[in-house]
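The first chain written gets the first letter, and so on, giving A, B, C, D, E and F; residue counts start at 1 in each chain.
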């Protein structure tokens, strides 16, 4: 009996978080290891369904990754890269869209539904959700790689209102109807801003951001993040993610989190525990101070 | 880190119950030890607030008990009893109402609000929630002891819709305006029926119902309960509670539970675990079979 | 037949007032003689129920008075006073709350329901309606006597929307959960401001405010009231009531009235006749001029 | 002061009627003397506006009368009659419609608005409110005199919902678009049935229905009315009105009243007093018995 | 088959206009030849019903004209004129109202209903839609000729919301209840402004506005129109119409059109083709440039 | 000018159809030639967007076809067939889903959006729209070929309510989460029944159904269709389509149409002309008679 009571007490620890985030929108970028490992896939789907059932509005943006490469290979499409970004011609784009929207997205939707959620997949073309244009990389045209120029959130809002969980593939549509492949972190940031989300959570494959001495940073203000980037402390791979947080905060998102997606239930832990599992980027130094105080008290 | 992940997994165990009871009404009779012990009082308030936050509609009916006796004593009002029921003259009734509505009820409301709930206290007079008439005990008039003849649930529904938790004192009003003291179990049963509640939970000070051999019964059908009463197996003190369950089931409540209120978090455990903590009385033998199967599977 | 036609014409005299106050909120402080005399109690209940039926939203705040004293006496609790205010220790507070919420409030609710209204009683703890803190009197701590620091009107609004009449006992709750006894006039004023009420009516046991020559003042502006207080013209007992009117006007209430509660149907007369029965305190000299003109015209 | 209190008491006498008729639809056929005399016109407009303000839904159907005759005369249109009904050719119909819809209706609307109502005039053509066909009189074609074959009440319901008072001219439209002049009593009865009205009130120029001995009948059941007609007791002029009541009762109207429109405030008196001013025709003998009992008790 | 496909393609040409005007309010002044010729009457009714069915909100204001004169003549009422405006005494006004509201309006309503619309006629008295005062012409009192001083659009909005088509006779009501005859163009302009209409369309009996050289002007800015009036280029008869457009634009209407009502389906052509059939007056020179560009592109 | 007027008249011919189908749901199976030819693709997208703008609710179910074959080939997946149906192993199913959901569906969505619609693509997994199970063909397991066992239409209804056009790929999800390829005609029929659609339109590559003499049948009743199938008159390829119509009619769809998708604007012609372009299958012989009469009259 003691065991069961202990369980009840753990449920009750969730109460302050339930109160704080009730009815709030949480945008989660889902990718990396968490999307590749079967156990983590299950745990992620469960986490999201739970959030929905306790009254929050999770919105998922997923990446693509290994599946795309293997499909391109199977089909004998060769890939060139410019500064680590794939040059995306029309044929490649067709494969990317097909895999992201027709395979990856559907797998995630199916998994959530199997855990009792009611997920609905969307591409950026649906309801013209993500309007994009060609992104130049160092003034070079690398094909159909896009950046977001507008978000029409109404389709998300309709689905939210009917208690569905929107799951979004990072494909955008140009004003001329062209299809663009867009970095999923960027899409998540823009959608979080358009929805005035309470939280943006980016799942990554690292433990968080580290300072000059290699120590994990638990909370940092937007301006510190900018300095760390300028000072070369943040690794190249993390820079886009951190910038995405900075932008989302500027666009009205209340808090952003870079979270270790390799940890089981990383999303639940981020939302329902004081410490979280990664680095939190907040709007201002004052907000950071409040966050730190909360951790100490707990 | 393992510890936190274990916690997340406990949260997730709640998921099937969250799904099953989302938006459902749970009427809880609160009384006995659970209302006398400070730790249990806190744990009960937390349990109820949690239910509200995860989307259920808890409705509380509380008893009175020791406070009434001590107040009658302080005021020098003597009590006579007929078959264990207090003969309630007008003066006694005034004290009973004052204590139940003005003291006990307010303490419960205050406690829930301190845990972040938004509770509102009601007496059966408010919105003529509980309409009553005099109850004769063996054809004897024992004064203002009443039985429920009607429930006007609209005030509860308005408060529910605005996300308040209704907390009800078991005082009824006669068609002539008289005030009646009513057994709280009976009130809870009638209100559960009027609200077509999903569950009626009666907190008691025993572990549950026992069979002829003294073994705890985990689940029994309405007809078995009737037989056990007829057979003299169920103790005199439990008979009214069991009858109240039988009536509520007949009135449309989906399930009823006689639960050990001396156990911390008894309400949460009842709702979020397979075994529960007491005896479940269900409508039919078929329903019992389903319940038993669920327990075995878990 | 002439008699009946005359009656119809009296009904029709109400038409302009029905039009003016349709859908408006009228906060009424109920106390003094009107709460002690049986005939006046009936007439008050009828008045309020009528207001509700013709489309206004009456909100009642009641005082306590003699009942509290007699209960304290019965229970052998002695009372000390500082500048006419009772020093309220915890034990006294418990009795005050019990009487106000569990007895006085319920009697008023019951009476209104008997006249066909649908009243619901509230204490300041319900839905944390009245948040309070300790009030020092001349820097002296006189115990649990409070002043209002916040009003959460949502529970009133939910009940209004469902056509209930809220009846409020002047008990507040501290941020720490403590219970406070608060002057009912003050509570009525704060609630009127929080609801942006059209009218605040304070029932008293005098004919109204008198000027230096002892003549009844029918209408006065807020600034005149301030001067009369400064000039020592207004009696000590009336000062808190007049200040409460001044505050309510500053807080957005359209008009305030100090009305002679000893007159039968004082509330109806105040609302449905030009002269009213007492003294009206209005926001500005211009508003006063308009009011005076209306009386002359009638 | 006594006078004013007496007035308040008269207001309160209205309370039971306010409760009984709140939100109910009252269809009133307006015609005869009440539409010709200036004082009665004012009193009728006031009565209707009051009903609206206290929460009922009055719907007015008006007749035409003397104005039509004088206009036909002015224009030199001669009239033939068959069994007291005007033979209505197209030219006559045009004048009838013009006077009813463009003059009489507008005067009533204007008068109500001047008393603070918000009236909107309708002809049976508006929203195809009244669909009609030619009525033969003893197998004779007397032109564009119609009978109602359908009512589309939606335009009335939209106006009601927006708090307007609908005022209806008894002009119908044929399936072929032809315009028909229809008896206003008949129109009122059909509209009352289509709206499931609580009451149908027909204003007339007599004191009510009399029995064989010439005594006024206060209440009679539908079947008695049928017998009185069969027995030749009811005068020829009253027969259509009584039949209209019988039909309306059969069509679902709760009560019907033939009221003396020459009495000032006849409508208010009918609704707000026990005796009323005329003859009430109710559905059954049982309903009659209840009505009679109510009168005796008052 | 080719023919039918060609028809489908014409339907599809309407698509961009359907998109642009979906849910928008279009106020149309109906008068002149279009109201006198049977074929044009039919075509106008069809046009309006179609607009309603494809999701726009047409609101019709009609004039009077020849019918009034013939009725005055029949009745032997003589007319005097001041600067072309009829001196309107009370007797004349009564005839004007009767004809406009009781005859012309009803004919239009009937015609639309026959084409499957659901039209409801309104006079400015209904719901006090058009509040007016006496208009002096060169400081001369010419009787009950009015100008609009207020519009209460709620009755129109209620009807719109219930999918009725409002058809308005240009009769206004004074603050004292007097009836005023008002120029229908002026009424249409004021109603368009009160409804924030997308378009005001004035049907006339000319091809449009011509410039100094007699060429039809297709589009002109508000300021140009002012200059053309000042320069004496616009004919006396057209000046009030053009001024009405200028006022409506200033009052918030998006676009105004002076259209040749002698052309069959003039309303449809104006809305569903690029060129339109008359002269468009737009708010600014920039708006004009955009309009011209659109025509060239088409 | 005559030309433009002729155009307006063609617009007006649509009026009776607009009235009949306003707010109605039209399910369209899109496939075959209409999905392969660029001109037909454009014309189909325009047709659907027009339907939406004039107030109908089109719901599209599309097929797959040649794209799937070419992708399987590119990827080197070989296909076996049983009675003309592809044996679908897991690897094949993955390709089918990817192409249908990630490519074909997205192309249709994009095309509609480019024509001003707001389309949203759905797979049967989204919101568990299409629940399926394995379909045996002559008792043979041919892999993941499914039949519909349930439709959850809520996601369609949410999108409809927010004015989106749902575009559905015929992929179903098993109770165990498996993915099934389902015949698009069958899906369209089941969805039409679940939505109580007004019409089900199946686009094909033939002119319609022919009788024994090879003459096109314009309208036939459900029972005739059954006889023609039994009699071997309907070709093997058409049998499933006709059966799908029969089922949909039995399931509550008002009318079904087998339409020649090779004709430009086939959808518009079917809805907006009397003859339509193919064969109509109606519920009963009586319905057929009404339809034939309508054609003759036109």
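Going forward, contacts are C-beta pairs under 8 Å (C-beta built on N, C-alpha and C of every residue); 3 or more make two chains touch, one makes a residue touch a chain.
Note that the structure is predicted; figures quoted are calculated from it, not measured.
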Self-check item: Length of the shortest touching-chain route, chain A through to chain E
Solution: 2
Self-check item: chain D and chain C - chains in contact with each
Solution: none
Quiz item: Which chain maximises the distance between its CA centroid and that of chain D?
Solution: A
Quiz item: Where the centre means the average of the CA atoms, what chain is farthest from chain F?
Solution: C
Self-check item: Where chain A and chain F are represented by their mean Cα positions, the distance between them in whole Å
Solution: 37
Quiz item: Can you give the whole-Å distance between the Cα centres of chain A and chain B?
Solution: 45
Quiz item: Roughly how many whole angstrom separate the Cα centroids of chain D and chain F?
Solution: 55
Quiz prompt | Multi-chain contact sites of chain F, meaning residues that touch two or more partners | solution = none
Quiz item: Taking the complex as given, what residues does chain F use to touch chain E?
Solution: 1, 4-5, 7-16, 18-19, 22, 46-47, 49-50, 53-55, 115-116, 263-265, 268-269, 272-273, 275, 277
Quiz item: Of all residues in chain A, which touch chain F in the complex?
Solution: 74-76, 94, 97-103, 105-106, 109-111, 113-114, 118-123, 125-128, 154-155, 157-159, 161-162, 164, 171, 173, 177, 179
